[in-house]
Amino acid sequence: MSREFKTVALWGRLGDRSVMEPAQQVLAHLRKRGIAVLASVPSDAARGFDDAKHVDERDIAATADLVIAIGGDGTLLHAARNVAARDVPLVGINRGRLGFLTDVSPEHMLDSLDAILAGNFLAERRLMLAAGMEDTAGTALFALNDIVLQKGDTGRLLDFTTEVDDTYVNTHRGDGLIVATPTGSTAYALSCGGPIIQPNVDALVMVPICPHTLSDRPLVLPSSSKIRVILDNAGGSDAHVVCDGEPLARMAPADVLTISLAKQAVTLLHPRDYNYYELLRSKLNWGRAGRDRQKGLR
Amino acid sequence: MSREFKTVALWGRLGDRSVMEPAQQVLAHLRKRGIAVLASVPSDAARGFDDAKHVDERDIAATADLVIAIGGDGTLLHAARNVAARDVPLVGINRGRLGFLTDVSPEHMLDSLDAILAGNFLAERRLMLAAGMEDTAGTALFALNDIVLQKGDTGRLLDFTTEVDDTYVNTHRGDGLIVATPTGSTAYALSCGGPIIQPNVDALVMVPICPHTLSDRPLVLPSSSKIRVILDNAGGSDAHVVCDGEPLARMAPADVLTISLAKQAVTLLHPRDYNYYELLRSKLNWGRAGRDRQKGLR
Amino acid sequence: MSREFKTVALWGRLGDRSVMEPAQQVLAHLRKRGIAVLASVPSDAARGFDDAKHVDERDIAATADLVIAIGGDGTLLHAARNVAARDVPLVGINRGRLGFLTDVSPEHMLDSLDAILAGNFLAERRLMLAAGMEDTAGTALFALNDIVLQKGDTGRLLDFTTEVDDTYVNTHRGDGLIVATPTGSTAYALSCGGPIIQPNVDALVMVPICPHTLSDRPLVLPSSSKIRVILDNAGGSDAHVVCDGEPLARMAPADVLTISLAKQAVTLLHPRDYNYYELLRSKLNWGRAGRDRQKGLR
Amino acid sequence: MSREFKTVALWGRLGDRSVMEPAQQVLAHLRKRGIAVLASVPSDAARGFDDAKHVDERDIAATADLVIAIGGDGTLLHAARNVAARDVPLVGINRGRLGFLTDVSPEHMLDSLDAILAGNFLAERRLMLAAGMEDTAGTALFALNDIVLQKGDTGRLLDFTTEVDDTYVNTHRGDGLIVATPTGSTAYALSCGGPIIQPNVDALVMVPICPHTLSDRPLVLPSSSKIRVILDNAGGSDAHVVCDGEPLARMAPADVLTISLAKQAVTLLHPRDYNYYELLRSKLNWGRAGRDRQKGLR
């Protein structure tokens, strides 16, 4: 991929102390290089970003050639849903701990950005999901990690049915269901017993949340699958649809949630030394501690 | 797929009572239709198969246009490894309970076979694995379900390292490792916490067996992945390599096991009403009993 | 235990069709034997229960010598919380499927009741939990199965800290926490990865729900343990406290939920042929189907 | 517990470099205090232990008032099985990483030992298991962690039946079964999906290894339970009985393994600041890293 980055947007909670400092460093660095910088800055932080053009978050995708998300994975997920339609590539700088998505560390961020601006990067396409309520004129919901059906406040279990490509799969009872991309497989889905799916695998995964039937296990599907989730509850239970951690819709009994691959994907740019497995080892404490790693001790 | 089946082989423990009867019915039926039938029959059962041409198991793939495996999934797995190189398609008739692979029931087998012989079937390509010891002139090992590295009699844990496409993945400690195809995802891998992988997903899964580190979780990889497993044990532990349930090799410390997709795949023929999800529901007791399925009772 | 049962209460949704019929049979049978029968009957079903004394649910424990719960496990759980303070024994008749707690089947219920009335039964003490908000004059919450801390509608994860007997245990992140009795170990806790705890074990179990940290595993504690759960969330997340499936309280950040054994226990009466392991086998589909149970097939 | 420790034994691989040095420091320290020291020293390390009385491992329990195990948990497990019959208390010094059982760190070991010798310690009784083959005059097998039934080299699954207190529990298929004490619950059993059991809980846990039936889950039992495991395999599969990691017996089809609490328990002495939950947090990486611990990032 060969691109020229003339206009770069900063994305994140620029008013937060932990984000403001690296964001200002990035801003100064980019301006020195003659690159236009866009930012959506809260009013009380505006003076710290005098050199940036202040634009509304929703307008960033239309103008920027590159978005730099600074914060945690949640920040990049939010950016991804906003820029996906325009296919603006994303770089993630973590503001503290390494993230699965914000893989550029603050210490090396200026060098990493220079390399990326020089075209020296790994570009990676990450699948996104689109969801919607069937027979409803509602807007589509997008997610880079996962679309989650979850029970409401009442604590009542959900009864729901799943179909894949118009074929009945199963009738489930439990706390809900996650449909995750490979990117999302290391997020909530992992906590619910799902597998880790390497980002190059062309698949989705359907993970039941705390299922009543113990054999109701995670199911990996082709990424082309059309998933339908029908809420069965007769008892008046309500359910929520949560996209990348944000509750965006409600479901009533008999409502049908459809989930499939979004037309748009997200392009993540990484430094050349990006290593997915190293990220896994770091985030999952692999190899390190464990209960005991000396020979013969178990 | 349009094929003509002139020579059909019967595969299975033809001397076992539960297999002999359906096998003889199939034999009579095929002969009536003028089809040549091959069979590898033990001497004490030979008289029951007078109408078949008795050939050695290893020669069946060279001559048959179609192999009918009668028995359990283990029988079909064994047949698959023998016929894969010649790409002879397989049909599986279960001799009692429904199998994941032997999905034709004895009650409908003659009708199902007639349909298949008439070209009225679903043909499905199933990925196979090839494994071998690096730097060894040993023959390659094949598997339709899984290649398993497992600890030996001593009960000592294995320490081993995994690499994918020449990139270091993790250092593991535990009872071993399963590398499974989508077909094998519902076999041993499922007992070890792996996900169910729909057969159309172009992927493999690496499932650690009883890992010491609790975050050492199943990892789904592109089917094109080249996997290397290096046995680290300094303490003299030995390990076994088991292919589709048959122990076929041993590993000593520092030995390297390589696993990747086999060039050959297996073609399974199913009746038109074949339904993968129905198989899952049946084999995993989905939807049925569970602990409790009445509304509001949990 | 030698008791005389002169006044027996019927408990359940007596207006529901599936409950009404067995309830009326039991009523007629008990009246024929000269036993006084109490029932809390909805007005539209009153005519079907002319022979019973209609009392308010809350007054039943004060007068009855025995409570017969008809329905599912949820019905008996509800009865248990109402009668525990008075130590009135309970019998559970399932209205359809076998329950863990409603173990008397409708077909044998009259014989079973006769035996129980004749003093021919197994009496079993089941531990109950008491929970409350620290520093609040609120009433105590009781549960026979479990006290659950769960996230609210927002879908935001909960951060919370646990202490046992005034000793810090862990800082958790996830969907919540279950504290269950042995009785509750086969309910929600089992869906969340908890162990089955035989009812005679003098223990509680603390099961994290979908924990972010994969090594945050179920912890079995002595039944005498005093558990404190402190909600840490700074972000304004709210949490719910659910007792035996009923949401009974809310928690705000910094609130402290205390959980310990209730002073009262529940006495369940079972027919002499009651067999806990048979219940497990039946409810968990043990031994039966499974994926495959024939020799050598896996 | 008030004891006087006049004769103390050193236990461990005293010839190993990592153990020899702390062992010699302890030896010198104890001799300075006028305490007799016993040690089982390999001949090539004898000169480093001139001040100790060299005795055979098996004779240590008869003479020592206290055993100091230096090494990993495996070293202390081995010591426990040797001294349990005489009820000699144990202290565990880890030779590198913290162990669940060897909880005294080398840096503080001399201070910790002084405190313990002065009677300033926490004494803790830990349950042990006794196992044996029914109808065999074989010696009983003991374990502080676990008794494990595991499949042999052939890789064939085991079919076996369990009974508790002469009541049939389940028919299992899989890689085997672990029966663990609370002490062993954080060892192999944890890798197989078992719960953590606090050491004061009066219970055992039965954990199936990679069970074929997904609902075949860990079962916590009263510590008084008499467990019988009957090997069903008709197919000639053999099984091994492994005690605290050492394979000590074989089972043939129809053999019956009995497991129950041993009459003897082990007494562990800990420094006053011993904290079980801190050990768990340290060994299981609780609270620390995890995938991500910053607010709002998941």
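Structural remarks
In this document, chain identifiers A, B, C and D correspond to the written order of the chains, with residue numbering beginning at 1 in each.
Basically, a residue touches a chain if its C-beta (ideal position, glycine included) is under 8 Å from a C-beta of that chain, and two chains touch if they have at least 3 such contacts.
Everything numeric in this text was worked out from a predicted model, so none of it was measured.
Two chain pairs are in question, C-D and A-C; the one with more C-beta pairs in contact is C-D. When the CA atoms of chain B are superposed on those of chain C, the rotation angle is 180 degrees to the nearest 5. For the self-contact between chain B and chain D, the two sides draw on mostly identical residue numbers; the shared fraction is above half.
Chain B and chain C, compared by their mean Cα positions, are separated by 44 Å. Centres computed as Cα averages put chain A at a distance of 39 Å from chain C. Between the Cα centres of chain C and chain D there is a gap of 36 Å. Chain contacts: chain B has residues 188, 190, 193, 212, 214-215, 217, 245, 284-285, 290-293, 296, 298 touching two or more partner chains.
Interface of chain A with chain C (complex): residues 148, 150, 152-156, 174-175, 188, 190-193, 209-212, 214, 240, 242, 245-247, 284. On the chain D side of its complex with chain C, the touching residues are 157, 159, 164, 167-171, 173, 182, 185, 190, 193-198, 200-203, 205, 212-222, 234-235, 275, 277, 280-281, 284-287, 290-293, 295-296, 298. Across the complex, chain B is touched by residues 71-75, 96-97, 99-100, 186-188, 190, 214-215, 217, 245, 283-285, 288-294, 296-298 of chain C.
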